[in-house]
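Consider the two complexes below, in which chain A is the common component and chain B and chain C are the respective partners.
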Partner chain A sequence: MKQLNEITTPFSEVAATATLPGAGLNWLTQLRQQAKAQFDRQGLPAKKVEDWKYTSLWALSQQTFSHTASETSLDTAQVNQVAALENAYRLVIIDGQFNAALSQLDGLEDGLTIASIAESFAQVESVIGQQVEIDKPGLTALNTMLMQDGVYVHVAAGQKIAKPIEVLVISTAENADLASHLRHVIQIDAGAQATVVEHYVSLAETKGFSNVVSEVQLAENATLNHFKLQHESMGQFHIATLAAKQAAGSVWNTNNISLGSKLARNDIHTQLLGEGAHVTMDGLYLVEADQHVDNHTRIDHAVANTTSDEVYKGVLDGNSHAVFNGKVIVHKDAQKTDSSQSNKNLLLSRSCEVDSKPELEIYADDVKCAHGSTVGQIDEQHLFFLRARGLDEVAARSLLTYAFAVDVLQRIKDEPIRQALSNVIEKRLPKGA
Partner chain B sequence: MTDQSQQLESITQREYKAGFVTDIEADSLPPGLNEDVIREISRIKGEPEFMLEYRLKAYRHWLTMDTPEWAHVHYPPIDYQEISYYSAPKKKDDGPKSLDEVDPELLKTYEKLGVPLDERARLAGVAVDAVFDSVSVANTFQDKLAEEGIIFMPISKALKEHPDLVEKYLGSVVPYKDNFYAALNSAVFSDGSFVYIPKGVRCPMELSTYFRINAANTGQFERTLIIADDDSYVSYLEGCTAPMRDENQLHAAVVELVAMDRAEIKYSTVQNWYPGDENGKGGIYNFVTKRAACRGVSSKVSWTQVETGSAITWKYPSVVLQGDNSVGEFYSVAVTNNMQQADTGTKMIHLGKNTSSTIISKGISAGRSQNAYRGLVRVGPNAENARNYTECDSLLMGDKCGAHTFPYIEVKNPTAKVEHEASTSKISEDQLFYCKQRGLDAEDAVSMIVNGFCKQVIRELPMEFAVEAQNLLGLSLEGSVG
Partner chain C sequence: MLEIKNLHASVDGKEILRGINLTVNPGEVHAIMGPNGAGKSTLSNVLAGRDGYEVTQGEVIYKGENLLELEPEERAQRGVFLAFQYPVEIPGVSNVYLLKAALNAVRKYQGQDEVDAIDFLTLVRDKMKLVKMDEQFLHRNVNEGFSGGEKKRNEILQMAVLEPALAILDETDSGLDIDALRIVSEGVNALRAADRSIVMITHYQRLLDHIVPDFVHVLSQGQIVKSGDKELAKELEKSGYSWIHDAPEGQTA
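Up next is the complex of A and B:
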């Protein structure tokens, strides 16, 4: 396996010496050891690996990250200011550690568990590590050997949770070069329903490394509306793996909004394992300056009668670089699969770059699959139309860019969440080129 | 299984029509590859010194390379020492001067294939440079072409008569370091076609070549080089069939096209080599590097291919759009049946300003075959106003086959407009029922639906080829609905 050989941060040594949560659990110790052996063997993937063809982890490998966080003094007002949702359960993680005082976890509805995973390892043995493969060249092994906190959400069978759950992950100035390895586990039992927002934000110009793995398990007829909003600092590395397994009739609506970070990489994968399962896998990336964003998605239609719908849109400015790779795999006998995928990119500057690779692998015949990908700039005629109606150039460009991006938001059914995300995005829209 | 599916199944199981072996004495080198073999090939062909040097450089580089494994195809490793790298039909003293002198066995072969080599050829307006195994045997219409100053001859002959031209352009589009099979071909290529169209000349007829692999265990390594000078036009046709064999045969050709200012090259291929039997036994391995350079302003290259044969196809006819306003086109129908595997597509590299490219790819998979489209559209930072439109459609016939799409899109210029679309569908029982209800039998119905699906590509073929291609599609595909 091709790998980056010299990694400045001694991750393996940290794993060998640090006191990590769940140390008393045998299965967990074994899992961590297995992951460490894997990481020692594979290291970080190099560009020779097809999945990392357009994204280099060289800069990451050459930076020294710390693994110990000092105490920070945030107050509720500061947290309220950055939170995306007002009326929501809120679990707050600051510099890689769950903060109970700043979280709002009072009065949970029946059948709902929201907890720090560091405190819940004993309950997740059957779920954790089941959705992700640690042998994939990537950062899952690294996360598994070092995972120190995250959220555990469990919804008992049949419970429909009304209030959304915001997982607010904050990086602060006090721990600007911190590497945090978060593991989230979301488990929705049969017929249950919940809404989870993963929200990553920096309060300062941090230069840390967020290495997140989220595992989602949807039982029969379960529904999860899942949002990820990432606007970390422009010096941050953000690498996330989001993997789901879906039973019959389950619905996963996921929306991945990537605005921040120097380098952001998302690996999003679902396996549709039961008939009638559906996934909506959307994403929006707005990048500028020297940002690099890479979204790799994969949908496995493993059985008959499953559906998927994917829309990824990107706006690139400055010297930014965006990568999209969307795999849709229709396995043998997965007849009546219906899948559509689209990736559209809007280029606003001379020096940005986009690499798009939508892929279809189909091993069944009675299917309906389509994908599309486009790259373009703002249409001169559209611009003319608006200028003719009195908008100045900057306003017209901004409006057209907003119109391009807003498609993805309009697919969100939940009004307060759509509004919250829309507010964040509007602030980030380029004011013209 | 429904009644019509059964009917259709029986049609797919039809035998390969062009499968026969011609028994002619052949001069072959013993199997194996080393520098001596390369020196021997070069000596037999009486090549100039630079050619031998080039072959040896390529060979030494090839030794350092690994077999590419990224394609979506699977096959046992090839033992390159088991292959004989040279085979030529036995010649009379100075080779044939007219058709009468050509080995009658050979002529019969072409007759069976329907190559219009004799009087019919003149009527059809086709000049055939028929490559039989490795040496070009007969050329027609040389005189007529010579009048226009067009050079159309076996590349081995061109090496003797026009060494400057060959030296200048050979390897300029596909360097020997390009890939594993291109390096191998550069080291051992046997023969192929050389075409030079002088400035301002519109080639008066379709140039055509039939390649044919005959002697058992002889890998065929064609090398084709076509140069269209300023303001010229040429349409080149390449058609292939191969006799039935049990051993897998390797074919690693290299085709290079160069289009200068305002020149246009149209390159059409119908490939119908032996695909192996229904269990995947035998068949040709077709690992081809085809690339065109649009060097001049407003030049144009158009690749059209109908791929129905070969056990494995690994082929990406590409266009490098260097000249401003140059145009690249790729029209492809790839059909796989039984155990065939195809990984084919194109690369459009936009470097010049206002360049545009069109990709229309139709993949049809049946039986237990795997059919992949793999393409690259790259827009360089200086390629202002580049335009690409890509459409890849797959038709699946049967629940055991696979259809895959791997398009790469790389854009470094914001003025580019790139569109890619792909869809996958099947011939439904409903469509068949509709046709049958209107009096078509199952065979015609499938043929009609498939031809409709491929129409965008077929209509790009020259007339003679279009007819052949439609027949081929019918033959290769009928009855794969199951």
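Up next is the complex of A and C:
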């Protein structure tokens, strides 16, 4: 039997022959070589690896992806149409390449840098590769070996950026089987604040592969509101890592929305390294037909007095399959940790499947940790209440499904973003009434 | 308005209602009282169309139609309103959205256009005054985090907006302190009208001090065993329900 490391797309050969950005930087060349050696050793993760037990990359391994993209023919109007936010800075990546002409990066506020990572490697030596480990099973090594573009966001100390930043990643029909390896670096200095929306969208029935690693570094008292909206085509593979290190008093508010693709896998990880650091790690997945979504989250409470709050909700229909694995690790000295986690799933069909696994590892004795996981159907009491108020059964079910999902978005404090994301959810799950 | 004839209903094969007869004319307020287990909630649930109740005999005619053949939403659209004993919390659905969806469902059945957004807000604000609810409740999720009293006021607000022809108030007084009881009662009294009938289901007489009924019926072991005017409720208050239990089974007043 073939193994997952006998892969059809010769990623290592691509690495050997492709012209990748930052070739003049010794440290980067070395990093890519280390990553290549690691990838050559481990290949793609197989299902026997615990973290990949429920997600098979077999289909991905058997597909041939291209690594070169033709120029796009998209215009501003088309980009505006798919953007999530109207009033935002916007960095646009089309078929794996930063597109300056279609981006909106004029008039950046003081202390804010938004640039293509391909043009910024020289500035990120101290950050890149620091939040992730290339030897961990997954695709970080592959990403590091081939990373070609992405966004670099930097906010200087004390600057509170008012306008949100949308990183709009578009896959088009012109490069339907493209593999893109994107690396985003977001660095928020002490006391600074920003809002970033990573947005992945397909404009056609693409069959490509989005391989993304986002690294986040939050200095003392920095705040990052970090949203991810992923709704790619039913033929796309999306595999992403979001990893942060948080200094004292920093806040990372994440909300990860997967409307899916053929297969979506997110590894989201933060290390709370300074007292008073807080993470909100929320997510919502809506899958149908044969979609597969897998969210693996991990929160390390490394020191005392840190807090985490995590709510993941999922709505499954058709033959879809969702996986939630939420690790919370309270390290030995992390007294007074306050952590809460919940995963709730709503099943709309008999043939969907969810594997939900909260994992708490607690090595300190004075902590408050709560977790819960539910899998269920629409509440009959709720249904009767709405029908008794005149809504027909179909409308009532639609409304309750929408409500179940949108509930997690109500935790978003930023009104325009909450509204924009709710609108996207409503397109998928009409309120029906 | 409503005619219940020899209504028998079972839950899980156990007969709870054993031949209810009741006629409610337009504009009348009827109180149905009875001890725990008499069948009070079963009666309200059967009238509203909740699943799990099997009608084995008898009929319910509402405005000339067989009510029992209608889906819960069809009953609501035709003007039957149930104020729930335990209103549910619905995260993700705002009160204002619910009120508008419910009102539009009723209007649609009546062949009217959907309500205009501004007219609707004017209407709702006006109705909120009836139950002394602050406007912030409009934008909160349905009953989420509401106190017991706020939930019951919210039920009456829904009734006020929907303007039903027949309102069934299921233990609307349960869990209310005296102030909340007064506010809820004032709301209901303001909604009394010549073309609107109200059936109040309650264990205690105290609600009837605030909402004075035209008729009082005593329900026991699935039957109405005694009917009278508001004085009957006072009698019950004095002597309790114990005398009913002593009455021979099947005896009707």
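Definition applied: the second predicted complex is superposed on the first by the 426 of 433 C-alpha atoms of A that agree within 3 Å, B and C clash if a C-alpha of one lies under 4 Å from a C-alpha of the other, contacts with A are read in each partner's own complex, and residues count from 1 in each chain.
Methods note: contacts are C-beta pairs under 8 Å (C-beta built on N, C-alpha and C of every residue); 3 or more make two chains touch, one makes a residue touch a chain.
Source: prediction; values computed, not measured.
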Partner chain in contact with A:Phe384 - chain B first, chain C second, else both or neither: second
Partner chain(s) touched by A:Asp51 [first = chain B, second = chain C, both, neither]: neither
Touching partner for A:Glu133 - first (chain B), second (chain C), both, neither: neither
Chain C versus chain B, contacts on chain A by residue: B
Which superposed partner A:Leu347 touches (first chain B, second chain C, both, neither): first
Which superposed partner A:Tyr363 touches (first chain B, second chain C, both, neither): first
Partner chain in contact with A:Ser373 - chain B first, chain C second, else both or neither: first
Which superposed partner A:Asp338 touches (first chain B, second chain C, both, neither): neither
Intersection of chain A interface sets (partners chain B, chain C): none
Parts of chain A lying in touch with chain B, wherever the complex brings them together: 50, 332-333, 335, 345, 347-377
Footprint of chain C on chain A - complex, ascending: 379-382, 384-393, 395-396, 399-400, 402-407, 410, 431, 433
Touch list for chain B against partner chain A, complex: 70, 379, 381, 394, 396-426
Parts of chain C lying in touch with chain A, wherever the complex brings them together: 48-51, 71-73, 75-77, 81-82, 84, 87-88, 90-93, 97-98, 101-102, 104-106, 109, 141, 158, 162
